[in-house]
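Input: structures, listed below.
What follows is a pair of complexes built around chain A, which joins chain B in one and chain C in the other.
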Partner chain A sequence: MWNKFKNFLPPWMGLLFGLVLCCLITPFFSEQPWHVFKVLVSSAFQSKYDFGLTLYYVTCLIFTGLSFAIPLRAGLFHIGSEGQLTLSAMVAACLAATSFFKIDSVFMNISFVFLITLISGAFAALIIALFKYFRGSHEVVIAIMLNFIFSALSLWVTVNYFQNPNSQNPESALIPENLQIFINDPLKIYFEKSPVSLFFVFAVVCCLILFLIERKTTWLQKINAYGKNRHASRRHGFSELQILMTAMGLAGFFSACAALTEIFGNSMQYKIGFSPMFGFLGIAVSLLARQNFLGILFSAFLMAALHKGASDLDLETQYLTRDFSKVLQAVIIFSVAGSYYAFNYFSKKRNKS
Partner chain B sequence: MNAVEFSGISKSYVVDHNGEQQHIYACRDVEFQIQKNTIHALIGENGAGKSTLMKMLAGVETIDRGEIFIHEKKYQPKSAADAHQYKIGIVHQHFLLAENLTVLDHLILNWPKENVFANIFKKVSKTQIQNGISKIEKKFNWNFKLTAKIKDLSVGEQQRLEILKALLVNPDILIFDEPTAVLAPQEIADFLKFILDLKAQGQTIILITHKLHEVEQVADFVTVLRRGQVMHSGSMTHVSVDQMAELMIGQSLDKLEVTQNKKVYSESKFVFSALSFKLYNSEIFGIAGIDGNGQSELIAQTIEDVKKQKINYADISEDRLKFSIFSGLTLLEHMVLTHKSKFSKWGFVLKTKAQKMTEKLLTDWDIRPPELNMKIENLSGGNQQKFVVAKEMFKDPDFIIAAYPTRGVDLLAQQTIYKSLQTASTEKNKTVLLISSDLDEILQLSDRYAIICKNTVYGPFLKDQLTQTEIGRYMAGSVHVE
Partner chain C sequence: MNVMKAINKQKKDSFSLALVVFIVSSIIWSVSSAGIKVGLVLDKGGKDDKSFNSSAYEGAMKAVKNLGIELKYVEATDSNSLESLHRNFAQKKYDLIIGIGFAQADAVKKVSALFPETHFAIVDGNVEGPNIRTLLFQEHEGSFLMGAAAAMKSKTGVVGFIGGMDIPLIRRFQKGYEAGAKHINPKIVVLNNFIGVTGEAWNNPAKAKEIALAQISQKADVIFHAAGASGSGLFDAAADKKVFAIGVDSNQNWIKPGTVLTSMLKRVDVAVYDTIESAQNKKFKAEKALFGLKDQGVDWAQDVNNEKLWTAAEKTKMNDLKKSIVSGKVTVPDYYKTK
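Let's look at the complex of A and B:
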């Protein structure tokens, strides 16, 4: 029992240590440590609306965390999630806003929009897999280039063809009311119309399903094996193309899920620059959880709460700026990540003695 | 005077056993001395703790308990750099080479420098390196292609580079971990002569090997380890080869005889483009040759042919770390991945069945420790090899490619592997393609054999058709066939 429990202990101790460290830094900036501590810890839970907002962040971070974790198991450092979610958000908003599918049934209409969005996300990610397989290109280079391309493409398409006529901001028109099916979902109502939606439940279910798939099937094990040793994987007769396509296809799928969370669960339109770097924060979420699918749930929550707390520091304190709040966020993340190493070090020492 | 003294050395690893963490001892209270200017053999079964002990001496592994004395001074290595300071060189069983570098670049990195600044500012020239290594090259009759990338070198060539690296620092104490496992017969003789030369020059040699006749030929002292403990340590004059084998495995050698059955041959239906002749059913066909003469290409071609013909085959690969194992995965996961059709239904893993079968396999093949959930990299080299062979033979294959199947494994495991290959060929009527640089292995096991040299396959030859000298000439490429 203790052995199982002590695996969960390091990150929490790390979190506590990080928060204390933040409080120790703040007096240098003429702020009250206790006040900063309170804002950092409690702003995510201050009201139902705040908690809902945190859960919205959690949803997006779970999806982008998964989008990084699965390719990493295949040995691919996937940093293209940001580009994929931008592209699929644009696709979702534009298809829905213009009622592209002239079908009366709302269910069918929504289903087609979701399907095309998910496919667009998956295809965007598959480009990386195809370049990797056929040209031997490095996935990071291709992903960086595609991030720029998708960002520019989404901006151009939105501003030139789907610009909201009622706004001067670069954003698409709102999706028709009959398609805004998540605007009154039970979760949203419970959290006082905050950005959270039923996509949160879907994200949690995705993590659970992936966890079970990993435990009970050979499907993800093949991807793991390929990531550990490509040569042996080829020699065992595993199809390299199939593994790369599966890993990247799933990554694109989850990036698109993050896009749907924003478009159908929150703003009901595509706003240029809506994502506060969810794609890149997902990398930290996944690394912190060591690519464990259940771990991603917790690390996404930690990251979301910190994100919320750090944003509020800007408003709630006199001297701490938005940028400096990122420094505090980093201190906490480092402490949590470093806690595993510290605990390993001490347990090794104890074993020796 | 003692060059090295081990005093109560212990080392254990923590293993997850059904959720509980257990300590498994690699070495327990090891105590013996190595005299200066001698060749001291360290023998034992796979997983006996030989490599771990030497890694501790070389500063690669930390010591849990006990003390080491070098030249009667206390020695507490914290890293491999400490071992360098004490002039201890090690040639590891698994090569520590940067695969993307050329031989020249690697030698430049390892070239001994006078001081720290020389490391940064002074680049060693190609001529300097060539002059520096020419003496060793001549002694061994080696020829390093300096511009070749390390990943393109054969296993044998890579090991030669490892030995060369260790010799560059002119060490006082030199540890060889299974040095002859991948060398050709001619090279082994040269190597043994070479370590005798090193001894004559005043160096202390620690030799870890499974080949007892090598120990008999060169060693002055021997220490036998079994399950992490010292079974015997003393002069070679007091023990025979049979006694050493008994001490190692804890049972008499008589039980280990390999039986040859009378066989009836029929032509196999399999066609291999790499071989100009047909193989027979129920035959073990040997391919002898010095490593790096086209074996890898032959294996790759054969595997391609086998896949095309959809044959159920076992692949005991030429390099287990590169082609056979996934470090980071457990033994159970390896079994499930390799035998997907047996251990999964509709994509779901049949865990209880997989666990039961794997447990049985580990016990049958005496893989130590028999922990299903142990990560494969935590097994000793020999146990890894045993597991690879066991896992492949579990397929009940129609055709077996066995490339260097006993590389780095102990006597008992060697016999188990030989027996399994023989059973497959004699009792189950299967064809075995045995590729090895160990001539004794080829001649002992094969019904017919061919010799590979510079990508050309000579043969087939019947068991007693050629003398050892003739085989040696084919292997060295000094026979020209019209």
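Let's look at the complex of A and C:
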């Protein structure tokens, strides 16, 4: 019983420890610790709208978290999610805004746009896999460079060809009304028109399906084995290219899902710089959950609540600014991530004695 | 019986206690509500950008000092959080919420419809509503004046313009500047460059310096920037190459005395202060408020730092031009209308 429990306990203890630590720092900045604690914890649940906004963050973070977790199983440190997200957001918004597919049926139109978006996300990620396989380049370097290229490319295409004529912001035109199918979905209405949409349900379902696939089938085991020992899996006749392509393709697919969440679920247009670095926050989400697909659900929620709380700290307190709330965020993330090591250390000591 | 008495006494006690608390709290409340509650939502640039947001913050701080209002300012973390910041202020029953920058137009439009009792104001964004006051500036008038100043001071007959982000607002600056320069010297050459197409262009001094050096190598000897925090790059280049620069938004003459010819003032602080004052005096009007040369919402900066650069004749010429723009004798082309 203890053994089962032991695996779940550390992150929660770490979370508590981090929150307490945050509150202990705040008196140095003439703030009430209890007040700061209350803001950090309750900010996500203040109103239905706030909760909806948090769930929107959760949705994007689940997708980018998955996009990091799957390649890591194959031993790839995938930091290109931000670039893939930017590119596919641009593709989705531009295709939809110009009604690229001249089809009357809304359903067919939407599914074509979705399909092309997902494919473009996956292709953007596949570039990394191909470089890795054929050139032996390191995936981190390629991903960093691609992030830059994709953001420049999306910017150029949007501003030069699809700029919204009614706005001074660099953003694409709104997608036509008949394609805005998620603007009145039940989840959005329940949360008072906040940015959340049915994509949240899809994100949760994705996590559950991946969890079941991992538990009940052997499909993901090849990727896991490759990640554990590349040379052994090569000797066993696994196709390296196939494994890399599957892992990266899935990663790009999920990055594109995050883009669709923004374009079709929230703003109905591509706003340059919409993402507060979802792609990089996703790394923390996935590492916190130790790549466990169910764990990602919870760690995404934690990160989202923290992100929301950070912006509210600025509002609710006198002296804590936006930048300081990033420090508090970091304290919490470090203590959650460090909790595993602390627990391992103590349990080893106990075993020795 | 004793028990009953005790309970009754307790009830009385708690009642009188509640009464006292109520009275005390209402006194405290009435004292503290001498000033209205104002929420200020700054853009991603933050309150220390030495330009637009700083100016708004200064105006609000002045209102705190003179009017005794209660001010709370926040800086946006990402574009999704803008709406929730406005909403939070409104839910906390703030009397006036001011959004700084055109990027907040959507957020103000949505939230103001949900909270009709709350007053909203937005700088640079054009939003219409029964409870919104939009604060717009006649930037083209000010930059027309700057163009005239540049043409007066230029010896080579070439002047430069460096815009920040390539958006209609900055095109408006550019068009006014060009017209002003041509007004003084019809043969003058105006070099135009923009730093970029994203918000990052407001904060890229290195690229501003590169552009300035390129323009100087094409013989420009007076350069005007409308690029927020990027402008410091222009001032460096101008000081190195001994040419004149013109500042924007707030008074930037002090940054490089002797190099900065003058600055085009865009008094966001005045606009913000005025709005807070009118709300304080219950005279808040939902309208499109235009600030131009007429009411010194837009102006040119003269102080000790640039005094020596101007002769009395040049000063009178500038002030005459200003007067004739205000009286309508000289018409300034407006990019928003002639686009």
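Here are a few things to note about the model shown:
Throughout what follows, the second predicted complex is superposed on the first by the 351 of 353 C-alpha atoms of A that agree within 3 Å, B and C clash if a C-alpha of one lies under 4 Å from a C-alpha of the other, contacts with A are read in each partner's own complex, and residues count from 1 in each chain.
Operating definition for what follows: a contact is a pair of C-beta atoms (placed from the backbone, for glycine too) under 8 Å apart; a residue touches a chain by one contact, two chains touch by 3 or more.
Only a predicted model underlies this, so the values are computations on that prediction, with no experimental measurement involved.
Of the two partner chains placed by the overlay, only chain C lies in contact with A:Tyr56; chain B stays clear of it.
Residue contacts after overlaying the shared chain place A:Glu82 against neither chain B nor chain C. Put chain B and chain C next to each other and count what each touches on chain A; the higher total goes to C.
When both complexes are overlaid on chain A, the residue A:Ala232 reaches chain B alone and has no touch with chain C. On chain A, the positions that touch chain B within their shared complex are 3-4, 216-219, 221-222, 224-225, 228-229, 231-233, 235-237, 351-352. Against chain A, in their complex, chain C makes its touches with residues 46, 72, 74-81, 84-85, 87-89, 91, 102-103, 105, 165-169, 197-199. Those residues of chain A lying in contact with chain C across their complex are 46-47, 49-50, 53, 56, 155, 159, 167-170, 195, 266, 271-276, 307, 310-312, 314-315, 321-322.
For chain B in complex with chain A, the residues that touch the partner chain are 12, 14, 19-21, 23, 64-65, 303, 307, 315, 317, 322-329, 333, 336-338, 340, 344, 347-349, 351.
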